[in-house]
Amino acid sequence: MRKFLVVVGIIAVFLCSGAFAADEVRIGIVLPISGQAAMYGAYCKTGIELALKELAPDNTITVGGKKLPLTIIYEDNENKPEITANAYRKLIDQDEVTAIIGPESSSTALAGAPIAQSSGIPVVTIFPTNPKVTQVGDYIFRACFIDPFQGAVMAKYAYNDLKVTKAAVLYNNGNDFSKGLTEFFTKTFAELGGKVVITEAYGGSDIRDFNAQFNNIKASDAQVLFMPNTYFESGLQMQQARSAGITLPLIGGDGWDTPDLVTISNGSEEGAAYSCAFSHEATTPQAQKFVQAYRAAYNDVPNSNAVLSYESLSIVYRAIEAAGSLDGAAIRDAIAKTKLELPSGVIEFDSDRNPKKPAVIVMYKGGKTSYVTTVNP
Amino acid sequence: MAQTEQLVQLLIYGIQLGVIYALIALGYTMVYGIINLINFAHGDFVMIGAFTAFFAVNLAGVGFFPAILAAMLFPAVLSIIIERLAYRPLRDKPRLSALITAIGVSIFLENFPRMVPFIGPNFKRFPELITMRHFYVLGQASINSIQISNIVASGVLLALLIFLVQYTKMGRAMRAVAYNKDAAALMGINVNRVISLTFFIGAALAGAGGVLYSLTYPMIDVLMGGWLGTKAFIAAVFGGIGSIPGAVLGGLLMGIIEVFATAVYSELGYGSGFIVLIFVLLFRPSGLLGKAPLDKV
Amino acid sequence: MKGIKSYIPALGLLVFYLVCIQLRQAGYIKNYWIQILMFALINAMVTLGLYLINGITGQFSIGQAGFVSVGAYSSGAVTTLLFNFSSLSAAAKPIVFLLSIAVAALVSGFCGYLIGRPSLRLKGDYLAIVTLAFGEILRAIIRCIPQVGGPRGFTGLPRYSTLGWIIVFFGLTVWFMRNYIHSSFGRACVSIREDELASETMGIDTTKYKVQAFVIGATMAGVAGALLAHVLGFLHPDQFNYARSTDFLVYLYAGGAGTMSGAIVGACVLTVLPEMLRFLAGWRLVIYGLLLVLMMLYRPTGICGGREFPFLVPRLKRSPEAIGGRHDE
């Protein structure tokens, strides 16, 4: 009986631990802090922290003329749907947050979004590219591109700029982002008059051996190889492709957009091109300011995760100020009306709550990315 | 490429993958043979081995042989400590309690290094210890220096292992303990020491496997051992768990089947290895080289 | 230890439900905890199914997540693809929902048969590998079915499972398991666990009981999967990978594989524990791993240590040790 009481006591303490002071603005951030995607979480955190340092160095936010303390609450989702649902619930019910930023992937965003929608809490998701995420409801926004747009951008780049008509694809059929890009690339490339002559798949991020797939691709008559995969998979793939004697030009999506790719591909990325939201060579004052601040803080070039999470927090912060209240619907409307000059351009949302912004194509040259062209939606 | 060249090339890829599975599978099979424990944390010693070599090369600037030696020693010593702390106290308890501590150890080993600042969650590039060169064996089909060194190194380690198990006193003691722990103890064999030694050898092989794997696929991270370990475990069972030749055969076949299945239909390449496995087990319920368990009445 | 009348635990569950609902309405319990409770009970149902296969019949299945995925996806297919759930009338919703659960039970039960039938020739770890492989094959197949979203995930499922539904199905599962284990079927399963050859000699159709255990265990996992699908409103094939199967294994053995109480308590405690460790941020899983090791070292027989809650023992039966006791080969 005594043990039982102790257990009940512990649970009671945990249940009550959610009590907070009333006059405070809390923003919840859901990121993969542990688990297989933890490095993305770490990058997102750098962007969030930088935005916070610029917007609210004293950790306050002005709402309706009143200066209120601002608290950022990070929650880990391990990049798993169920854990994300729990993290959302905790933030909404226990921490009573005003808005949520994150998570970082589509499969987790789709598990969390319905909860926020039904609770009337506005959400800006960072990097879920599946169009279905914002279709959950009018409280759900995103900071990144959607798959159809990016797939089409790369198909146009291959057909119009590289002037090729036969493409090969290597994609991860366990990854939603990879699958989505492959689908829309194939569709647009065919509409333009090209043809995907060979599509090879592999079954997850744990796979390190792509030799069998490259063997088939090598035997095909493709003129370009599209690899819409994450940076570490692609880094290894580039190397194996070159080692297997494949000399085709390589193209990919914004999964490649991180300086870490080069550390793995080790030179084999030379000439590979990909689309992303932001080039650190961009000349707009906002972009330059951001790149310099990022370099000063982390001694590195910001990647897509850092840029998008920086923009997510900026959007939410400005929207709360503009709404002038902590009411979910008011903030939602303020986010929808966002018109902010941010590193990747002037951000506005379309009626599906996706940001309207152009894609840039950049290419690896000598271990660094260099700007090639801009493609408008 | 002609048909035969294609086949030879795929076979080379399959063997390259298979020898690594085999090295890791050996550790599973040896530990299982002695104490009937599926050491779920075994795959993580692959990761620890790879990181040991990574730091040995990057910080101390050593070459291939010292690196692989360090990568065998450190996980081996660590595994003895873990066996002493987490598995030995449970040896006389229900068999599956130790399985749960093994899972706990695995969760710990995968997540602790991530929190250590100089390791962290990021992928790291494994240094190039062997210069890449291609040799053409048949027409367009080629084999490279890393593949050759993988096959040679695994062959040498396997020969050493067989010598140790078959022709030394310690090896005889290991076989005796595997056969009957109590009888072996009565014969004056220090059972605890034999078990420690088994863990030592198993983890050393996993560490070596980690280095060879990272040489071939030069990218390491804290979670690399999880899936690789599961694959190797499947290979060990496939070959007949508890049997050393079985683990080698199982590993090789797993690698080859995986590569060929992927080449034929890559969308299901990943699942097809499992389908073959199920069919093999239906016809040989104790794996390829495993002994059918005797039912005592 | 004597059992108690069977309506008392049912009443207990009802009271528990009412208390939860009242406390939630009064604002003492947040939806957050209700949701964790829902996940805990769903996990407990899956673990109970695993208990029947591993704990009672002495087989070694490590692919339980595969059965959960079959249940989740097939019920989701019924509510979302076959019927347009949100457009149904309020009266039709529970019927379609129950229908989807029935379909989930049937399909996953059939999968249990598929896997149980050939596995009769396999023992111990060979069986384990086949169950693991089966789960992974299922995952590979689901990825190739575009109708349920493939690798992009199955979206738009109605979030219809409530705590009430889950408690009802949890109660039914427990009630069924209790009666099954203490029936002649259950005793036959226990005898297979203790000594397969001897029980065959005694005239027990070991084939039948082993397959039966697999079918029932898979059915429970399938029903739990159906409920899970309609809590989350979203499914992804990677939710049901081998690591998830390992979770259920941990729930069972950490709780104590010898008793139903162990399965239930293990699943509940280990579902809640990671949530309680949230304040540790990145150290969460490190500490979780350590706690798991320490727990097994200090309590190798699991949290419940082979003891059974009195209400899980039917009346007029002898001590539960006949069922618990040795849960090892």
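Order as written gives the chain letters A, B and C; numbering starts at 1 within each chain.
Heads up, the rule we're going with is that a residue touches a chain if its C-beta (ideal position, glycine included) is under 8 Å from a C-beta of that chain, and two chains touch if they have at least 3 such contacts.
Keep in mind that this is a model prediction, so the values were computed, not measured.
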Maximum inter-chain contact count - chain pair: B-C
Chain at maximum distance from chain B, centres defined as averaged CA atoms: A
Mean-CA-position distance for chain C and chain B (Å): 32
Euclidean distance of C-alpha centroids - chain A vs chain B, Å: 36
Contacts with 2+ other chains: residues of chain C: 140, 144, 282, 285
Multi-chain contact sites of chain A, meaning residues that touch two or more partners: 34, 38, 173-174, 203-204
Residues within chain B bordering two or more other chains: 111, 114, 226, 267, 270-271
Complex contact set, residues of chain B against chain C: 32, 38, 40, 86, 89-90, 93-101, 103-112, 114-115, 226, 230, 233-234, 237-238, 241, 267-268, 270-271, 274-275, 277-278, 281-282, 285-287, 290, 293, 295, 297
Interfacial residue positions of chain A with respect to chain B in the complex: 34, 36, 38-39, 41-42, 173-174, 200-204, 206-209, 211-213, 215-216, 218-219, 232, 235-236, 239, 243, 260, 263-264, 266
Residue ranges of chain C touching chain B (in the complex, touch as defined): 118, 121-126, 128-130, 132-134, 136-137, 139-141, 144, 196-198, 242-243, 246, 249-250, 253-254, 257, 282-283, 285-286, 288-293, 296-297, 300-302, 326-329
List of chain B residues in touch with chain A within their complex: 1, 6, 9-10, 13, 16-17, 111, 114, 120-125, 128, 132, 144, 213, 216-219, 221, 223, 226-228, 258-260, 262-263, 266-267, 269-271
Chain A contact footprint on chain C (complex, rising order): 28-33, 35-36, 39, 140, 143-144, 150-153, 155-156, 159, 231-239, 274-276, 278, 281-282, 284-285
